[in-house]
Amino acid sequence: MAFTSLLKIRFDDVDGAGIVYYPQFFHLCHKAFEDFFDDAASVSYPQLINEQRRGFPTVAIHSDFSASLRYGDIALVTLEIDKIGRSSATFSYEIRRKQDSKLCFSAKITKVFMDLDSKQVLPIPDDIRALWESIL
Amino acid sequence: MAFTSLLKIRFDDVDGAGIVYYPQFFHLCHKAFEDFFDDAASVSYPQLINEQRRGFPTVAIHSDFSASLRYGDIALVTLEIDKIGRSSATFSYEIRRKQDSKLCFSAKITKVFMDLDSKQVLPIPDDIRALWESIL
Amino acid sequence: MAFTSLLKIRFDDVDGAGIVYYPQFFHLCHKAFEDFFDDAASVSYPQLINEQRRGFPTVAIHSDFSASLRYGDIALVTLEIDKIGRSSATFSYEIRRKQDSKLCFSAKITKVFMDLDSKQVLPIPDDIRALWESIL
Amino acid sequence: MAFTSLLKIRFDDVDGAGIVYYPQFFHLCHKAFEDFFDDAASVSYPQLINEQRRGFPTVAIHSDFSASLRYGDIALVTLEIDKIGRSSATFSYEIRRKQDSKLCFSAKITKVFMDLDSKQVLPIPDDIRALWESIL
């Protein structure tokens, strides 16, 4: 039921120690989150942000880092949904190294639906809720 | 007892929604972590990485995002230490907006001391342990 | 004869003004450069860097920015080769917005082949030279 | 007459080859450009962007890379102005390694004054022109 995005580890994802610098794992998660919208939603995430001025800022993260990714690896980023509330949802991410399926990173990321201009929390629209229920 | 670093929010810290993109909060934390070494340690963090090929990869994060930071804000990044084990330590970070002291972000970040080439976990050296006990 | 890479403009490519921040255009160029190796070369660019410790640092850039790219746009990054010398080569890049083919950016980027550890300039190997001559 | 900004090379400035990844040199230039506004102008660059919705997008770059910067180096970024036209200005940047004054990077960067919403080119305001003439 999960959504998976394949992402190349690029030159600017790795640090001076030659491995993915830990904040970059969250960039990978966000790319999978966008890809899921592109793949399945009636509106792309950029349209939501740019045109509707609404989006899903992150409010909480619990994450564990278990192995490193190197420049040139392919990351398999898997996205599932743990729970959907009225205005917030918690997503489960796993990042594996494609060549050996080794788990490198896992996270629970909670996001809230918000008007980006007024900063007001909004109920999640029905079409997005239905989309997410498909990977619950 | 905490260590504090003042960091300008730069053009490349904010995203298309005009606020600090959430993974950038961890970049700010890492900058404060480096500044603490520069300020207080006998070895800088770059020397540890480049010359000794040892460092503190992140193994776990619990974080909460409570308010946004905008381009041009000054971030006050406060670093404390929660506990120090044989090979790992847990750091407490708070990021506040300088102009009104509003809390924007808090995190517990656990790091392990490691040989970067062999990937072997090592005991934390006494001089670094002493340094960290000063902000315990 | 040119090589083309399609790249999504991601959340972390745009800045507080809502458009691709100008240094990010060079990140897009480098991604196309890597993709070209992946597509056509016997060795990937990460293998060259990580295993052979050789690579192509940039020594000169001439570039013009003619239109903006926004979050959600697809960039068409086109790579051609202008000239190949003994140890250096000059690449021509054009970045167009996929939806209307509008030219946003063009650049000539000169790179030198180098041993990354000794920093010694090296002659370009025959297999890489042959690869590049295919898009001359 | 030049303006100089001192900037630490951070963990996320360097790449898998252990040196500053070439697009990051432009990030360093932009930081010096912002620091110059903070230091000398009546309006900060973020205020110009966020409040007045006007700014200086880059339209052309000529740059040369002559030596590398490593993680832990301090960069001395020097900003001068070559010429100021009605709506555009060309800036000269030099980046040197603080410890030995070695020149690592030089660039001419041309910027145009623009309304960020209408994308209309505007004459450079008198107060900004006067500011820049001070480092001509």
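Residue numbering begins at 1 within each chain, and the chains themselves are lettered A, B, C and D in the order written.
The criterion applied here is as follows: a residue touches a chain if its C-beta (ideal position, glycine included) is under 8 Å from a C-beta of that chain, and two chains touch if they have at least 3 such contacts.
As the structure is a computational prediction, the values presented were derived from the model and not from experiment.
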Looking at where subunit A touches subunit D, is over half of the residue numbers used by both copies, so same, or under half, so different?
same
Furthest chain, CA centroid comparison against subunit B:
C
Could you please state the distance in Å, as a whole number, between where the Cα atoms of subunit B are centred and where those of subunit D are centred?
27
Taking the mean of the C-alpha atoms as each chain's centre, how many Å separate subunit B from subunit C?
33
Determine the centre-to-centre distance between subunit C and subunit D, using the mean Cα coordinates as centres, and give it in whole Å.
23
Where subunit B touches two or more other chains, by residue:
11-12, 16, 18, 23, 27, 30, 46, 49-50, 70-71
Indicate which of the five shapes (line, ring, star, complete, other) describes how the chains touch one another.
complete
Listed in rising order, subunit A residues that touch subunit B in their complex are 16-19, 22-24, 26-27, 30, 46, 49-50, 55, 57-66, 68, 116, 119
For a test of understanding, state which residues of subunit A touch subunit C in their complex under the given definition.
8-12, 18, 27, 30-31, 34, 38, 44-47, 49-50, 70-72
What residues on subunit A touch subunit D, complex-wise?
11-12, 14-16, 18, 21, 23, 70-71
